[in-house]
Each structure stands twice: as C-alpha cells, then as structure tokens.
Amino acid sequence: MKPRKVYFNGQYVSEQEARVSIFDSALMFGDMVFDMTRTYGQQPFRLRHHLERIYAGLRYYEIDCGMTISEMEDATLQTLALNLDALEGAEAQIMHNISRGPLGVYKSVFDGGLRPTITINCWPYWWHLAPYGPMYRNGVHAVIPAQHSVPAHLIDPKVKNRSRVYYQMANIQAQKTDPKAWALLTDDQGLVTEGTGFNFFIVRNGRVMTPPGRNILLGVSRGAVMELLENMGAPAVEQDFGLYEAVNADEAFFTATSFAIMPVTKLNGRPVGDGKPGPLTKKLIEAWSSMVGVDIVAQADEYAERVAQMEQPAALAAR
Amino acid sequence: MKPRKVYFNGQYVSEQEARVSIFDSALMFGDMVFDMTRTYGQQPFRLRHHLERIYAGLRYYEIDCGMTISEMEDATLQTLALNLDALEGAEAQIMHNISRGPLGVYKSVFDGGLRPTITINCWPYWWHLAPYGPMYRNGVHAVIPAQHSVPAHLIDPKVKNRSRVYYQMANIQAQKTDPKAWALLTDDQGLVTEGTGFNFFIVRNGRVMTPPGRNILLGVSRGAVMELLENMGAPAVEQDFGLYEAVNADEAFFTATSFAIMPVTKLNGRPVGDGKPGPLTKKLIEAWSSMVGVDIVAQADEYAERVAQMEQPAALAAR
Amino acid sequence: MKPRKVYFNGQYVSEQEARVSIFDSALMFGDMVFDMTRTYGQQPFRLRHHLERIYAGLRYYEIDCGMTISEMEDATLQTLALNLDALEGAEAQIMHNISRGPLGVYKSVFDGGLRPTITINCWPYWWHLAPYGPMYRNGVHAVIPAQHSVPAHLIDPKVKNRSRVYYQMANIQAQKTDPKAWALLTDDQGLVTEGTGFNFFIVRNGRVMTPPGRNILLGVSRGAVMELLENMGAPAVEQDFGLYEAVNADEAFFTATSFAIMPVTKLNGRPVGDGKPGPLTKKLIEAWSSMVGVDIVAQADEYAERVAQMEQPAALAAR
Amino acid sequence: MKPRKVYFNGQYVSEQEARVSIFDSALMFGDMVFDMTRTYGQQPFRLRHHLERIYAGLRYYEIDCGMTISEMEDATLQTLALNLDALEGAEAQIMHNISRGPLGVYKSVFDGGLRPTITINCWPYWWHLAPYGPMYRNGVHAVIPAQHSVPAHLIDPKVKNRSRVYYQMANIQAQKTDPKAWALLTDDQGLVTEGTGFNFFIVRNGRVMTPPGRNILLGVSRGAVMELLENMGAPAVEQDFGLYEAVNADEAFFTATSFAIMPVTKLNGRPVGDGKPGPLTKKLIEAWSSMVGVDIVAQADEYAERVAQMEQPAALAAR
Amino acid sequence: MKPRKVYFNGQYVSEQEARVSIFDSALMFGDMVFDMTRTYGQQPFRLRHHLERIYAGLRYYEIDCGMTISEMEDATLQTLALNLDALEGAEAQIMHNISRGPLGVYKSVFDGGLRPTITINCWPYWWHLAPYGPMYRNGVHAVIPAQHSVPAHLIDPKVKNRSRVYYQMANIQAQKTDPKAWALLTDDQGLVTEGTGFNFFIVRNGRVMTPPGRNILLGVSRGAVMELLENMGAPAVEQDFGLYEAVNADEAFFTATSFAIMPVTKLNGRPVGDGKPGPLTKKLIEAWSSMVGVDIVAQADEYAERVAQMEQPAALAAR
Amino acid sequence: MKPRKVYFNGQYVSEQEARVSIFDSALMFGDMVFDMTRTYGQQPFRLRHHLERIYAGLRYYEIDCGMTISEMEDATLQTLALNLDALEGAEAQIMHNISRGPLGVYKSVFDGGLRPTITINCWPYWWHLAPYGPMYRNGVHAVIPAQHSVPAHLIDPKVKNRSRVYYQMANIQAQKTDPKAWALLTDDQGLVTEGTGFNFFIVRNGRVMTPPGRNILLGVSRGAVMELLENMGAPAVEQDFGLYEAVNADEAFFTATSFAIMPVTKLNGRPVGDGKPGPLTKKLIEAWSSMVGVDIVAQADEYAERVAQMEQPAALAAR
C-alpha cells in the first residue's frame, strides 16, 4: 500500500507518527469525540453534517478544539486531497478523532503543550466494503444480547465517543448465537435502541418505524434514509418499540456510513418476514445508489474482487 | 529526563514507540483493561492484587491476552528493573494497558497480526505525588455533580476499563463549584459510589462506612485500608449511603493507589466535621506509612521540592 | 344445556375431553397464547384481527402451531358452525388456546406425540352479557390498586398470554375498596396502562386519550373504537397519562370484546365528571351498535331476563 | 405403565380425569400455586417445608383452599401410598397444584360449585432423573439470556406460581447459544437471580455466595444446601452479584428438588474455573447423598439404564 | 406601605391575621394547593386558567374546598378590588392558598370547626419585578444541579403544591456554581423537566422544544407562549430532551407568571448560542408585551427605580 | 384550656401569635425541618436524640438556625417549664419547627430581618393518646395504598420535613379500604418503607425484621424498640422485605413517638397471624412501659376518660 498522511494537530504526518499517547485523555478515559465520513466518487458525503455532529459533541464534553467548523472542513478536504493518490481509486473512510488532550500530570513528555489532540485520517475502503455484496443480497442476522445500551444521561450516544466497551460486549454475546450476528441493542425497558455502530428500522404493514433520537446516535445515514423515505411517500415514524414489534416486522434494515442500508433478514435466529430482503429495503438501496451516484452493491462486489487479489483478505470487524 | 522503556507485546521499546494505534479496539471502543500499581521504596505494592484484578477484567471482557499471570508478573518486575535508573530515585507508577487489539478490518497496517495489545510502563512519581503534601494536611473538597455513575450491568466499574468519559464529565461539573474540587459520584438512586478514580469512606459516631462493592472499583488501597481499620479495631462496614450520611459525617477520606489516603474536609462547599482532617483519618495515614515503610506525607513534600526545581511544575490532573 | 364441541388438535371433542393436562406447558408455565372473539348476530366480529394477534404472539414465543392462519380461520368457523345449535340463539364467545404443548419429560402419557396444544371452543354468551345492561346505563367503578402492570420487556401484554396472575391480584386489591370495582392498572411510573382484560380511554375538554400501545394489549375493540372516533371527528390520541389526568377527566370508558364499550363513572371512589355516562361514551355505544347491527344494551337486558329464568344466575367473574 | 391416582378436590381419580378445565383461573390467569416435592427411598423429602411454602403462597394470593396444612400433609402421604405400586420402585415426584378455581361466569359447567381446585399427583422419577448422571460428572452450561426475571413486586417468584412464561422465553433464548444450555436469569440491574426453576450458587476464593431471597424462589434444596455448607464450615453468604462475579467464580452450581445439586462448569460459553465440577460442589453432592441416604449420582445412572430399556427415552425438558 | 386585606375563609382580614396555623395540614404535610396569578394593568391575566388548575389540584388531593369555581373567581376579584388602593399603582401578585385544613386532633384550638383553609392575598409587584430589567436584556444563567425532579407518580408537579423542598435544595446546589444561577431540573433519566417554579424552552435550528406535560407544572405562561409561537408560525413541540440538546440550543428561555419570558443565555457556565438573548426570544417578549398591553421590560425598569427609592431594596428570592 | 406559650425566635409568645407567615419558605416550599418529642411523667423522652436528628436535617438542607444544639435543648426545656401549668397534668407533645425563614422578596413585611423561623411548642397529649387504649388491645389495620414512598435521593425522609403531601395521599387511599386504616408505604420496588409517620416491624418464626434505614425516617422510637429487642434476646434485623413477608408475618407493629408501639393485627383486610396482638408485641409494650415508668395502655385509657368529659372529643387525625 502507498503511505497515507494523517492530519495531526495542524501538521500532516505519517500514520505511524499519528498514534495517540497512552497519557492522552482519549486513552485514559475514552474521552474522545470522533466521526466517520465516507466518500462517494471520492467526494465526502454530507461532510458538514458529520462536522456539526462533532462540534455538538465537543460542546457537550466542553472540549475547545481551537478550530472553527470551517477550518475543520478545510483541513478535512485537504487531508483527503493529500491522500487521493494513496487511495488507489478506492472510496475513502475519513475519520476525525478529537480528544481533550494529554493529562496535565504527564505534561513533561509533550513538546507542544497540553491541548486537544486532533487527527483526521483517510483510509481506503477496500476492506470495509468488500464483504457487503452478499450481505446486500441476502441480509444479515441481528441478535439481541443481554448487554444493554447505556442511556443518554450516563454516556450520551448522541455524542460519537470512545467510551463504548459495551458495544464490544454486545458483539461478543450476540456472536455466541451466530458468529456472523450483528448485535442489536435494547435499553433497560427492552426498547430497541441501535446496533453497535448503526441504526435500525423496521417496516410493518407498510409503516416504517425507527427508535426516537434519545438513546441512539443520530446517524447521518439514518437522516438521509428518512429523507429518501419521505420522498418515496413512506415517511418513517420515530417511535419506541421492542422485541414484539421487531419479531413481527415484515422488513428490517440497518443504516450506517459504510454500508448505507443493510437488510436484516434474520432476528434472534428466526426469519424476518419471508427471510429475504424486503421490497422497501431493496427500493431504498436503489434510491440511495441514485442519490450518491454510485451503485453501492456493485461497488461492494468490485471491492471484493480487488481484496481477493490482495494477500490476506481481512474479516469484517469494524462495523 | 532519562528515557524510559515500555514493555510492548513482548518487547521493550521507547515511550514514543509504545503509542496505541487509532485502529486499536482500545481507542475505537475504550475497550481496554488497565491497572495502576505504585512502588514504595521502589518495590511494587501488592502487585499480585493488581494483576488479579486485571485478569478478572480480561475474563469479563473475554480478552485472552496470551500470558499467564505469572508471566505478567515477571514482565512487570523486569520493566521496573529496566527503568530503575530512569526513575532517578522516584517511586514508580506502573501502568498496565491490555486491549483486545487492532480491529480486523485495519489488519493490513499491522505487521504482527491481530492480537491483544499489552503495554507495561513505568513513570516517575514526581508530578503525581508533588501536590499531595498540603492536601494531606488540609484535606480536599469533594463535590457531587449531576453526572451519575454508570451501573455495573452497563459498564462494570469493577473492571478498570477505559470507557470512562463520564469521569471527565463529572470532574468538569464538580470543578464549576470549585476548580480544585474532586468529583464524588452517586448512582441513579443517589447512593454514593466512588470518586473519579478513588474510593470513598466516611466515619460517623466512630463507625466507618464505605459503599459496597457493586458499582465501584474494588480498590486495592480500599482493601488495604479495610485491613488497617480491622487491625485498629474500627472495621469498616460496606453499606449503601447517600448525601444525608455524607453531610453528617464526622470524617471522610478518599483512597487510591497514588495518594493512599486523602482527607476530605469539605463536601459540596460545607465543612466535613470541623473542616479539618479527622483523628481516625490521620491515624490511618500514619498506619499506612508504617505499613509501607515510607512516610507518605514527607515523601510528597520532598517530591514537591524536587518538582519546584524542574522547569515547569505540572498541575494535578490525573487523579 | 346442550353439549358443545371443542376443536382439539384437529378433532372435535366434548368440552370434558378438551381439558388441558397438568403436564402441559400451558399449566406448568402459563405458556399459552390465547384470544377471545365474539359474535354479533352469531357472526364472528373481526375474526381475522384476532387471529393475526394470535399469530404475532406465537411468533414472539416461538411456538410453531403447525397451522396457517387460514387453516385456523377455517377451523374456527367450523367450530362455530358445529356449536350453533348448542348456543340456543345466544351470541358466542369463541376462545382460542394455543400452548407449546406437553413437556417432554412427561411424554410417556401423551399418545399423539409432543406438539402444541390447540383448542377452539364456543360458549354461549348468556352469562357474560347478562349483567351489562345496568352497567351500560350507570357505568362501573374503576379502582387503581397497588399491584402494577408487568412491563412489556418482562412479560409482553401485547401477547394475550396466560401468565397474568397479577390481574387477579389487582382485582382482589381493587375489590377491597368496592366489591364491584374493576381494577385499572398503572405501571411503575404511575402511567395508566389497562384494566385486567380491557383497555381504557378518557375524554377531557373534548380530547380523547388512551395509553399508547406499549405496555398494554392492543385490543381489537380498542382499535374499532378508535375507528369510530375517527369517523365521529373526535380522533383518540395515544398518549401517556396518569392519575392526575384520570381524576380530571370529563368522561372515561373501558373497551373489550365482551362488552365493547363500558362507561366508567367512578374512579377511586369519586365521580368521573358528573358521575353519569358521558355524552361521547353514549354516542360511541350507539355507533358500535350500528356498526355491528346489534343493540348491545338491549341484548344485555334480554340476556339478563334469560339468565334469570335459568337455575342459578352466575356472577360476573370473567372480565 | 401402571395407572396412577391423583388427589382431586378430596377424591382420588385417574390422571386423565384430573385435567384442569380451560375455565379454571389456573389456565385463564396462570393463577395457581404449586409445588414439587421428591422422595428419597420413596419417603418425601422435607414435605412440611414444601407445604409451608404452598400456604405462604396461598396467603399471598388470598386463596383459601379449605384444608389445613395437616390435612394437606395427610392427603399427600395418602396419595403417595396409593401410588407406591404404580411407581414400580422409582422415586416419586409429588406435585401439588392449587388454583383459585373455575371462574364464576362458567359456573354452569361445574357440578361441585366454585371452589379452589386442588390436585396432588405422583410421578415416577425415571425420566427426570435419567439424564443427570453425566451432568453430575461433567456439569452443565449456564447461559444468561436477554430475558430478565420478573421482580417480586410484579409477580413474586417466592410464590411458586404458574405465571412464568418468561422462564420459557429465557430457555428459548439461552438455547440459541447452546441447545443444552440452562438459562440463568438476571434482574433489570443485572443482578443474578435464579435459573428457570433452580437456584444458583458460586464459590470464589473459598467464599460461597448465593443471591438473597428477594426476587427468587426460596428453594427447599437451596435451604438444605445452606445447612450442609454451614455444617461443612463454609457457610453461604446471601449477597447480590452479577456477571463479573459469576465469570470469575472458581465453582458454580444449581440446586433444585429433582437433581439436588448440579455443577455448572460453563457460563456463557466459557469454562467456570477449570471447566470441571469443583471440589466443594463434589463434596456437597456427597454430603447430600449421605443426608438423604441415596447416592444420587448412582441413582441417576441406574434410572438411565431403566429408561434406555423403555420404548422411547424422553428428553430432559422439565427442569 | 398601606395595609392589605386577605381573603380568609370568607372574611377579609389583615395580612398579620391571615397566618397559617402550625396545626394546619398545610404546614404539617405541605398539603396545600396554591396558585399565583398576576395582573397586567391591574387586571388579572387568565385568572380562569389559574383557577381551573387549582380545582384540578383539589380534585387530585380530594380536598373539597366548599366553593364553586365561580365563587372563587368572585372572591378573587373582590380581594383585588379591596387592595387596589394598597397596591399604590403596582401590578399585583394574587396568591391562592387552599389547604385541607387543621388536623382533627388539634381541633380544640379552632373556633370555626375543621374545614379547608382558603386564603387569597394580593401583593404589590414592586420587589418581584424590580430586578428583571437587566435580566431581560442580558439573560440569566441556568445550572443543572444534582437534585432531581420528583416524578408525577410520587408528588405530581402538575398540582401546584407546597411539598417542594427539593426546589430549595436544587436552588442551593445550583447557586454553588453561581450565586445568581437559576436551577434547571432533570428527572432520573436526565430529561429536562422544569425550573424551580418556571418552565423551559429551547430553540434549535428554528425548532422550538419544551418538555412534555408529564413531570412538570403546566404553566399558564407556558400555554400562552405556545399560543404566541403558534401565531408566529414557529409552534413549539412538546418533546423529551436532555443535556445534549440543551447545550446545543441556539436560544433558551424560561416562562413564569411573574416575568412571563426570561432569556437563558448561559447554561452550566457556558454560553447558550452566542451568549445573548436570541432573536426569537426577543420577538416573544415583544409579542407578550403587545398581548398584555404592557411593555414588560419598561415596567421592570420603572419598578426598579421605585424600589431604589424605598428603604431596603429586596433581593430576588421568590422565583 | 389554659393558654400556652410558644418559643418563637427567641421569645415566648401565645399560640395565636406563633403562626407561620404565608411568605415563609416553610409554607412556600414545605421547606421546614421539624420534630416531635413527647414526655413521660412530663420529662422529655430522649430529647437529645430528637435534637440531633433536627440538626442533621438542618445540615442536609443547609439551614443555619443560629443556635447550638445545647441552646436549643435549653430553650426546649424552658418552653416545657413555662407550659407545665397549661398541660393540666397531661403529658406533652413538644414540636420543633425550623424553617429557612421568609423569602427575601417579601422582606418588607418582616420586622426582624430575614432569618430562619424557629418555634417550639408544647401541646397537652389528651387528644392524641385518648384513642390508643382499644388499639393497644386489638391492634390496628394497615393497608398498602397505590401511592408510594418518595425515595431519599428526591426528598430524604431521614430529614423530618414538611414536604409530605404524599403521606396524606396515602392515607386517603388506604382509608378507602377501611376508614380506620393506617397507610403502610412501599417504594417503587414494592419494598416496605414506613407508615405515614411511623415505622414498621414484623416478626416471623421468631425473627424480627424492620426496613433498613434508607428510605425511612430513623425513628427515635424505632431505635428504642431495637434496644429493647436486643435486651430481650430477639434483636431486630434491618432487612428489605415486601408484601410476601408482610402477609406471612406472625406479628407486626408500628412504632412512633406518640404511641410508642402499636400492634398491627390486620393487613390489607386479612388477619396478621391469628388476628390478635402477638406475644412479642405485647411483651414489648410492657418493656416500654417499664423503661419509661408509665403504663402506656393505662395512660391512654385514663386520657380517653378525660377527653370524654370535655366538650367535643376529637377524632384521631394526627398520626
């Protein structure tokens, strides 16, 4: 692979140099606001939405990152521009990571003083997108684990933050039922919240429902899908629901930045509807492809071929 | 400062090289088990207790770190030995960090394959201990913020983990009342749990109470203090209590690895007892000093002098 | 009375033969999905709605009853046809009971193998409907007991199931205030949920409110009443409310299959509005009668006369 | 098999005749108090304890069964005596079922008037005990499902009642991880409560812990095990604990009437301790065998042989 | 000051005579329903709304005050008329206090028998309104304390009652951050409820949100503001929100009878929007002034001048 | 009756003069700490305990009353001395009421400045004690209402405060079952807390249990009874329990200052034990009488005779 450049506190450094100190609040406390944006045709998708979410998170955690949102936007575009060559034609995952910075007591090891740590990095999307082709066609298996969501008043999931070890716990538990399962979280009242990094929708009797924006990340893809549904005359309703509604859904799907829309065709080991991606879900995938000007299913298949040619195909792990 | 060596997945590397990748589960999810041990007379204090706590946490998060506890103990002692010179006479903070490792999808950037990331590092205790002298003599100010503890069934604090952004939120809120305040957390029922990295005890009518071991870290210092109290004929009772008991305490103190025992003489802006470190608290500090063979108050004062001679005295920040 | 036939796992047997084994999961665990449909003019009312609710419940509890919904519909209509004569002119209560079947360990006593137990039975409605006449005219007394509803994530009331001993507890408690009281349940936050087998509506300042469909049975009558209200230009709003709204209602009523709509004129011993069935409630009873082609008040009075002529009039007990 | 007699409201009838009406409150509402007693050497084990638990449950649900506890004891012993021959040498499971009786509205079909329904039946223990031999030697696999316990204030598990469909839901979910898994329930705070019909103990560092008697059935076997532990100098502590303590246990076991003590050697797919029945657990099984005068492991093996000779060996299903 | 008259159980007495007995349920239990109405141009503002709220509260607490709502209205207007002179030109605060009356056991000290205690008193608004001028221009500082709201099922805030010591606790805590802070309460799930005697609104991206009417007082000013917003084409949405939405608001304001609308320009020590009263907030203040025919900002300034001329300016304390 | 004197902010005034202003925080917010002490033989019982509880409450609510506890003790004794004559031989109820004082905005009506309002008054115990004789002999009826206790983190019942309208709500609800019922409160988990002004104990199988000191008032009588039980060799255990334990108790009783110990012989309409005061309860009443040197049952009977001779016997109302 060609070397990539990372924006790191105002400079562009190599990925190796951009590592986060173990004395940084990011690692000490999971105290970091981040975001993931992807490109379509190598253009960032709704970058401003992602940046606004970052800044809302920074206000919540009272981190003053020292850059305006426009400066951040410029830095992002420049980082992308600097890495275009290294992407070798792939779409990019653009990751922003902003922490409160090193803890004061470890100040002596930091040259530049104690200030928030800001990194922006680009990553070619070969490995992330490669496995999605068959998933788009067959759907994935959602499993509700015993691990619950953390509610907003304790650690607010509306801030995309790094204190999410419970996502890993949920993944581990769900994958005991099926090693390929995707975890679907519920709260302490059994209300569905979100997946471990993606939002959830169900369709029942033509009605589209998704959990309200309280104990979930307000996904940019979730928002875009709601716009598409509005345009398709099937507006989604934000409404609390639980296992009963989920097992009785006709269709279900996840949304997230990397895959956009992913059919859920199995829930807790039982088929959703007839066990195949539903008609509305398929229509949405098409509408999304139109909107972004990229056939996302074909792109996944193309990336799968490319990855197969590389030395070691990577397993999906970073949903 | 003299350069220090960090144990990093079986090798000893420089602190700069030991940084954690942004593609590691540690950063992505706050998915890391860690621990802090300190030395007295440059000998680790209850190292085995700390290691047992780490391994209990690894079992909880189903991380197989690939080392037995004895191997970890050996590696720890060797890391300390390698850094003795660099400590320049200071006590050491020994930090263990064990994450699940890099996420699979980013596999291509990691040479050594996907395996847990294990680091052990030593840090001279000059800056941590330096500010404690006057605090031992006058006590600190505890403030209960609006931010609550996360309960064990969501993210278990008995595992010393990195998904603790709520600690920072609690610190920020408490310090709005007093920039020097230490946050004291409560749960959703208003029961006192712990500080943001330390345990809490109160004394009332000669009775010592500390929150039960459910939604708190089971501090090694907490355990040692309970043994000292047992020996002093004033055994601590593990019991739920809230604001009422705290504001009506005669004495209060925190315990943690770095400072051992810290008098709390102010709570929510009002004096605890007569506003001075209580007699039992002072007796405990003496007993601790005896136990470890180091006068901890004198040591703090000595370190303060040393730090004053260095270029830039560091503010306390890593409680 | 003329003997009645019960559909029992594909056969038609006598009521005596249709009893459920003590080794059946229905009795062992209250593990049975059921439903109650009634006839108007001896035609089932919204049978398909009831069957869809049964099948949603079976999916929730992962019971595969071995029959399609259409087969179940056919069996239901045939059961009714076989019992028409035995009804002696009365409307029928049609009860479906579907359990997971006998527990495996007791297999040796069951000839037909271990499979779900399905029964459909008809019951002449003389005794159920007989007491309703004066209640329609004067209203009933709702009392909120200390016993709370079980929330959906523990035992979902949207599945009409048999693990409802708390309904009996609620009835017992409510009837300590008034032996004729009907229990009105609330959840742990004091929000009104449902009665012990019926739904609840209030009217205040012309606005009709009913609890949202989360911790309640989604009554077929509730749905039908909401349609009638829509048509009458007074659409019901699904909204959380508690004691405050209930005691300040102008009108209140229950809905259920047997009685359709029942005015509530007393709540916790105090009059609702002026203590008489309200104008909207009365209009609804008329609209319902029109819809089903049966004057439900007159029918109740007629049944009361008939029951009075029988040997032992039965007390209302099966709400 | 030889025909068995069932005590049914004062008479002894055949098992077929003893079925419970679908119009009984037992089936309508899961409104039935029951108990399971077993024999050792064909003598009931702690029958009085079981009966006292029944009567406590009847008081809770305000069911007056019309018999004193001594009359119930006599009827139980007589039922056993009448069935001794039919047991063909096996130990007996003695089941008491007491419901509030038929609902009043269905009165016309009941000859004997509306009164509580009381049945006592005996069942040869061949099939229940047959599978336990290898389990005693290897232990069983406990899995914590997403389904939680119902807390005491909603449906009190201290009353052995029939509104337990959530036990089946928990079993179904746990068995998605492993078809042979036994479900281990937790409450809404993640505290371990009980299995779906059995109690749970863990041993850690020589300390035996079991959940306190709040949201669990107070098992008679649980009580007997606590006595044995007391005598062995390792008294059990009733204490709240959750997943953390469970995964870090050295040993774990279930207790229940049928199997007495069952080693748990796997929890959520991971070994408990070294994955074999622990030393204290094995000692307890021996102590139990001494106490009851029956080698329970040998008996299970013997029953397994017997069952193998019967036509169709039954799968374990009625834990 | 000129002496004022208080309506006291049917008579008009001096303020000194109108004191409440320590043996009254009002003092013994905080068992009193009350309300505050203000005048504009010495005419009561929405008096009927306030009285309806009182009567809803009386129904909730089952206090029969012995007067119809019209009689109460007449008594109110007469009390105002009797005090017009004593107001010396000021607007009036009209306070209704209705308690269950003296406790029976202390009956011997009450001449008039045991009956509810009803008082209506008028108070010149000089001191309340005097400090508001600069606040309208600069906004106030809202701080979220650790003390939470009491939910409706425990003490319903929809009844304006006197069991509100937690309001004082919240004020005390908030004022530790800033002596001028106004407390903003949240519930146990971290959802914003209300201030300690006022309602809260936020504006974000042109969308106005206010907490739903569950665990809050349904303020008459809140209702009037919602009407104004409706008319201005920016209808408020009743929706749950927490800290995240509050810190990311563009504008925020409180509403209450005394000040009508008060800009919130600081929240937890950080600016709301740009730290100045927002455009919609300012527009609302103007619209309110138009509606009531009084420039509320000018009036506050005028009252401040007047108070400055009095002997001892009173500090704001009765929000 | 002879006129009584009330201590009022340092002076002794008549009861009529001692009334609390409607502008006092006590009435505005139920913001008052109070206590009830009684005499035996006209000597205060455990006055110091009561005063310590008051001062703990003042610390909690951050009210500085301006008097030391010894000054308060002196004032109390002097108030009693001044009223001895007016008691006419009766025991005294001594009530302390301490509020934060008048709200600042109403300052102009208070001569003495804004300071806490402190009153101490004595009341002859004729009417309180008069009804207790038959209750001691027959027991009282406890009923658990739907209204729950407010938990300590919202309004701490360990502070005897005046924000207790929920006590009245509980009384009203309980008395719908039986006009003579005494309300017994539970918390949101169904755990018994306390009565509406008294503590609760049960006895089962010789074991005495009382709710732990978390969400209850720590009654002085409760403490004294626990001492008596300790001395009698039947120490009470502080332990959570709910309805199940309560309905299965052999004995039950309340404790409070006025009546000391009151047998509970009926619970929710069903007898406790055999429906008569239990042996341990009776023994405790005797032990209490010995301890205080007054036969409390005989005293109640004597007071009943005295009250019968007065003009208007007062109903019990101030429990």
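Residue numbering begins at 1 within each chain, and the chains themselves are lettered A, B, C, D, E and F in the order written.
Just so it is clear, a contact is a pair of C-beta atoms (placed from the backbone, for glycine too) under 8 Å apart; a residue touches a chain by one contact, two chains touch by 3 or more.
Keep in mind it's a predicted model, so treat the numbers as computed, not measured.
Novice: To get from chain A to chain F along touching chains, fewest steps?
Specialist: Contact-graph shortest path, chain A to chain F, evaluates to 2.
Novice: Of the other chains, whose C-alpha centre is the longest way from the centre of chain B?
Specialist: So the farthest one, by centre of C-alpha atoms, is C.
Novice: Going by the touch criterion at the top, tell me which pair is linked by more C-beta contacts: A-E or C-D.
Specialist: Taking the two pairs in turn, the one with more contacts turns out to be C-D.
Novice: Please decide if copies chain E and chain F contact each other with the same set of residue positions, more than half shared, or with different positions, and reply same or different.
Specialist: same
Novice: Farthest chain from chain E, going by the mean of C-alpha atoms per chain?
Specialist: D
Novice: Using Cα averages as centroids, what's the distance between chain C and chain E in whole Å?
Specialist: Here the centre of chain E sits 45 Å away from the centre of chain C.
Novice: Please compute the C-alpha centroid of chain C, do the same for chain F, then give the distance between them in whole Å.
Specialist: About 47 Å, centre to centre.
Novice: In chain F, what residues contact two or more other chains?
Specialist: Only 62, 153-154, 186 qualify.
Novice: Tell me the shape of the graph of touching chains, choosing from line, ring, star, complete and other.
Specialist: Here the contact pattern is something else, fitting no line, ring, star or complete shape.
Novice: Name the touching chain pairs, please: which are they?
Specialist: Chain pairs that touch: A-B, A-C, A-D, A-E, B-D, B-E, B-F, C-D, C-E, C-F, D-F, E-F.
Novice: Inside the complex, what are the residues of chain E that reach chain B?
Specialist: Those in contact with chain B are residues 143-146, 173, 176-177, 186, 188, 268-269.
Novice: Which of the residues in chain E come into contact with chain A in the complex?
Specialist: 186, 189-191, 240, 242-244, 247-248, 270
Novice: Given the complex with chain B, which residues does chain F contribute to the contact?
Specialist: 56, 59-60, 62, 151-154, 156, 158-159, 214
Novice: Under the touch definition given earlier, write down the residues of chain B that touch chain A in their complex.
Specialist: So the residues of chain B touching chain A come out as 1, 15, 18-22, 25-32, 61-62, 95, 97, 100, 103-109, 119, 121, 123, 127-128, 148-150, 153-155, 161-169, 172, 310, 312, 314-318.
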